[in-house]
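The structure is given below, and queries will be raised subsequently.
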Amino acid sequence: MKSVLPILTVLAAIVVIWYGAAVGLNSKWTYDQAARAGQEVSFSQLLRDAMTQERPVLPAPHQVAKGLWEGVAGQKITSKRSLVYHGGVTFSATMAGFVLGAVAGILLAVGIVHNRAMDMSVMPWAIASQTIPILAIAPMVIVVLASLGIKGLLPKAIIAAYLSFFPILVGMVKGLRAPDGMQLDLLRTYNASGPETFWKLRLPSSMPYFFASLKVGIAAALVGTIVAELPAGATQGLGARLLSGSYYGQTIQIWAALFAAAVLAAVLVIAVGAVEKVVLRKMGMAR
Amino acid sequence: EEVKLQLKWVTQSQFAGYYVAKEKGFYDEEGLDVMIMPGGPDISPTQVMAGGGADVTVDWMPSALAAREKGLPLVNIAQPFKSSGMMLTCLKETGITGPEDFKGKTLGVWFGGNEYPFLSWMATLGIPTDGSEGGVTVLKQGFNVDPLLQKQAACISTMTYNEYWQVIDAGLAPEDLVTFKYEDEGVATLEDGLYVLESNLADPAFKEKMVKFVRASMKGWKYAEENPDEAAGIVLDNDESGAQTEAHQKRMMGEIAKLTAGSNGALDPADYERTVKILLGGGSDPVISAVPTGAYTLDITDEALK
Amino acid sequence: MPVIEAKDLNLTFQTSDGPVHALKDVNLAIEKGEFVSFIGPSGCGKTTFLRCIAALETPTGGSLTVNGMSPDDARRARSYGYVFQAAGLYPWRTIAGNIKLPLEIMGYSRAEMDQRVEKVLNLVDLGGFGKKFPWQLSGGMQQRASIARALAFDAEILLMDEPFGALDEIVRDKLNEELLKLWKRTGKTIGFVTHSIPEAVYLSTKIVVMSPRPGRITDIIDSTLPRDERPLEIRDSAEFLAIAHRVREGLRAGHAYDE
Amino acid sequence: MSALISAFVFWAAATALNGWIARSYPSARWAKLFVPALFGATLLILWEGLVRGLNVSPVILPAPSAIAARFAESTEVLWGDFAQTILKGALAGYVIGCGAAVLVAIAIDRSPFLKRGLLPVGNFVAALPIVGIAPILVMWFGFDWQSKAAVVVMMVFFPVLVNMVAGLAATDQLQRDLMATYSASYRQTLAKLRLPAAMPFLFNGLKIATTLALIGAIVAEFFGSPTRGMGFRISTAVGQLDMPLVWSEIAVAALAGSGFFGLMALIEKAVTFWHPSQRRR
Amino acid sequence: MPVIEAKDLNLTFQTSDGPVHALKDVNLAIEKGEFVSFIGPSGCGKTTFLRCIAALETPTGGSLTVNGMSPDDARRARSYGYVFQAAGLYPWRTIAGNIKLPLEIMGYSRAEMDQRVEKVLNLVDLGGFGKKFPWQLSGGMQQRASIARALAFDAEILLMDEPFGALDEIVRDKLNEELLKLWKRTGKTIGFVTHSIPEAVYLSTKIVVMSPRPGRITDIIDSTLPRDERPLEIRDSAEFLAIAHRVREGLRAGHAYDE
């Protein structure tokens, strides 16, 4: 709880900068409008207008807060206008994708560390796979999967997994190779099998890398889900909210959805962090 | 009987006819169970068709003809939209009064198959679009009207029923704007037709199903034209993203009604010929290179409208 | 047949600034049940030789057999207990957990494990420290834990690389006695690196003196001390001092050669 | 069908061959190139076989041969797009984003106050999804590559930050105590201990960021762009159902991404040669 | 005024399974220029006490001053050279680079650095190994490198935690002599942890015997050996043996107390 004050301080600083930026960015419109109407604007008018525009370039914090509040508390959570409802849709696909991605990433990393042929051949192609812009192929993936009869949560989860497996793969390969020579030699003298070396040495010593990459991976899974929500029919989920907000230039709705997504991401990352703390403490590594 | 309909864009009054037909039970009356799948900028209806994800799709003729040339034989079976709603909307303060003023300006254009009417228009005007001297700078415009509001572009593409009103909603007055309707400029292409795969049409049962579908859909459209507010309400109820506003949808329905007004669902071959002509004249890189054959059929509407 | 037999063993490390000749023409035969000490200046290749025996390093020349097999086959047969020069405890395991590690791998039952951990912890005087993590222990305690880890299971060959380096004289004497008892009881073959001449003489049946750059064996001394009865007082006997003297001379010669 | 079967047979044979080579010539230089190349070739041939054997519509998935042909005839377009998207957008964003993340990580690490305050908030801000930010950044920074660079900055920031923060914490007690006895200043400890010790983690982040930078730059173009760039080309080509061109652009992205990643891996090898993961093989 | 003065010093570690009383009521005064050895069973708090002096650990009771200031101020004044029990070389630096580390931090000129590195490398017999990386060196060589690192710069107080533990007798003798020379030449105050009774007696002006659980000082022996002339042969003198005997008795008492 020591962190409350620092976080509040940082938040306060951000809010102040944000208001400043909002006035700066939105004032152009106010001036233009006044010029079109042939009027002069006073500074106080400018301030008031810059923070109450309906389609601001940058909505003021309180506008976003209001949008968020209405989205979260102003609706029944089953309502299509509720951010909680859309957040829930996104969350479930994110989790499914993250689990798929983490399992895939870890399995591939284990394969790479233990199997020479995999080590040589998989990594270059895993890298290449990540350079394929998902937004470009997501629609095709959805189409292809739909023609195979796979619909709903799974296509989204697959795209989320596709984005999240890579950071986990890279981190785990590094982590699984982190044990030093002596630690490995010890197990060699015991003639420990590959799986034993994995469970008793490689896995524990990969933990710091593991959690760092899980955090990146879960955030990536969320991005993947949101990307996948666009071609999935742009109907449900925070991604759909974001995009439909942007079709209609409703900046406040965009920002509210954006914040909901970021809150979700932060919660997920914090949750991973909490697991990390517990695990590292159990392992005597948190000091 | 099941019918899967893939829309070109998100749920909005642009597609009111289909939603009305569904809600009002017109499809049921024909014994059809219609599933309406919304689209979006990332959904290529033609791809969905190719993947077998839908039986029939709403698409614009330029993109349907392009798909046909690329080996996906789509066939127009009905054309609920008589006229085009596309236009170029410019800020008056940029000094643009007519197409001759475009030179040296930045214009926002929708791509993804929607750019061809624009390109052929520019070609007829003799204005280069490749960034060369005396031409226009073309921006690939996103899904909203910000480039105009932010003055990043002098003109942007808008639809009479949607983006234009977003500009107005943003606080600009119609007097601040200059608009060029493609319809008026003689470069209008056919929008929002119904397309199916040619191979399916060989199957009489499928044909029969489409007849029923078109008949019910047109019933929906005509109902929507007569009851715009109710239609907008139905659309709103079907919007799962919860992003639409009532006022906007009602206004959109009013504008859409103007575009569907002249059509009973049957394609007017003259409109088709005009569209093909415009597309073939699309400058250096035309969307289609040869006159298509068999790209439409009147069988379905003939049957449906009997 | 010797348990460990090296013939013309050579090992060269390739480093970025040229090769390092760590072992040169090493010839040595160790019989079953022997206690062999290796002594020599720092950097002469003692660790490297022990690592070769345990198949942790591959010689670049000559032959080396363990029980008539290759060292690697012997490793697979779990013939070795190895105490490394640095403690090398896994930081995420408690002391007891570290000692359990080989037992888990070799599939001992839970009850057996607990009982053995208890026993070896007491042997190295760490009773009550089982639940601590390595970084909560002093340097010497960590080293003792690593000795306990190697003694917890029954390896035929015990390789110990300066196991008692960080211990005081009294504990060291005690552990020396314990080690001798264990050796006599089990009949293990032991390879032992030390820097202490008295320790080498007190413990060994055979003392191997090495000299550096490149690492060679300069002297092999078969101890004449009685094999089964070695009270600590034996260190004052003339026989003991004579052997110690010979070791010291060998060592000194190695150093001289170096300069 | 026979195309399908022969593709599978080829795949099985090639996989077996690869396994054998990897086992028999684990450290041969040619094997290090040959094995992944053969693996890739199998994937491509499997793909070709599947597309032909199952008669997949070229509108959904073109065959590699068709893509290669399209690639060869549009090198000029592809190069122009590559320059616009990768050389300008991705690279600029990568440098700025990674640089900023490293600096912020250091700032965060230095001040416990900032660490407690900025890290959670930073996590939060950096977790804003690209699809949401891209339109906003396009609105702010215009249509050209600057907005793409801004998107890339946002994308690469978080992974690099997280890894760098973990890396700066990766020193052990003894190493820190040593610095304390020298009464080394904060800057000295940073330069001589914390930064070197953080390198293995940092490169982790930098490598992940290479592919993110490409994705970010390309995806940002979907939300508005001039009439060139890989993302622009992909989205317009999809509209024209010119799938071979789409996949040619994807191939360029994959090649560029692998090259970029490989470059970072090489630098990593040079910088963290001392880390056990690099040393042991 | 003593350079280092501890009064009723106490230190308790809080661990998850209860507190560990590592230092109890330690009283000690060390004058400028003294050579003080600490000896005691493993785990008795020697390292902990040295760490307190160097301000790496904060006592939980009593007072400790260095040059009349707090240890932390003394640390800031760069009074300490510290040889840790483990070598702790930075793996990303070569041996020469590791020795240069403190010199860089203290802002020596490049020429001075090179010259000092050269000198201390030779002092610990590692000439020619400057360009190697730590993992390419044997255990003893690493330890010598870490000694060289602490000797490379001019700290007023030198704290050495079992610096010669991994070295053979002959190198050890040599380094003992070198250390004495250096001490005499520079007048440094030295705190020295060792497990070797002869080493402690040979080097020190004062020997502190400690006993464990909780760590206390059980005996402080002021050496009667001459301060400025100590040939290695002095170790056979009766005086030497008498002091050694007293240390051994103190040690034994500590162990006895323990059991």
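Here the chain labels run A, B, C, D and E in written order, and each chain numbers its own residues starting at 1.
Please note the rule applied: a residue touches a chain if its C-beta (ideal position, glycine included) is under 8 Å from a C-beta of that chain, and two chains touch if they have at least 3 such contacts.
Keep in mind that this is a model prediction, so the values were computed, not measured.
Shared contact partners of subunit A and subunit D comprise B.
Using the contact threshold fixed earlier, the set of chains in contact with both subunit D and subunit E is empty. C-beta contact counts were set side by side for A-B and A-C; A-B has more. One simple way to say how far apart two chains are is to compare their mean CA positions; for subunit B and subunit E this gives 85 Å. Taking the mean of the C-alpha atoms as each chain's centre, subunit A and subunit E sit 52 Å apart.
Among the residues of subunit A, those touching two or more other chains are numbered 57, 135, 139-140, 143-144, 181, 230, 243, 246.
Shown for subunit D are the residues that touch two or more other chains, namely 60, 135, 139, 222, 235, 238, 275, 279. For subunit B, residues that reach two or more other chains under the stated contact definition are 41-42, 44, 47, 50-51, 142-144, 146, 150. Across the assembly, chains come into contact as A-B, A-C, A-D, B-D, C-E, D-E. If you check the complex, the residues on subunit A that touch subunit D are 2-3, 5-11, 14, 25, 57, 115-117, 119-125, 127-137, 139-140, 143-144, 166-167, 170-171, 174, 177-181, 184, 208-209, 212-213, 215-216, 219, 222-223, 226-227, 230, 238-239, 242-243, 246, 251, 254, 257-258, 261-263, 265-266, 269-270. Interface residues of subunit B facing subunit D in the complex, by the touch rule stated above, are 41-42, 44, 46-47, 50-51, 63, 66-67, 70-72, 111-115, 129, 131, 137-144, 146-147, 150, 152, 287. Of all the residues in subunit E, the ones that touch subunit D in their complex are 51, 54-56, 75-78, 80-82, 84, 86, 88, 90-93, 101-102, 104-106, 133, 135. Against subunit C, the residues of subunit E that register as touching in their complex are 13, 15, 17, 20, 39-43, 46-48, 85-86, 131-132, 136-141, 143-144, 161-162, 165-172, 195-197, 248, 251-252, 255. Subunit B contributes residues 10-11, 37-44, 47-48, 50-53, 93, 142-146, 149-150, 166, 169-173, 176, 239-245, 248 to its touches with subunit A in the complex.
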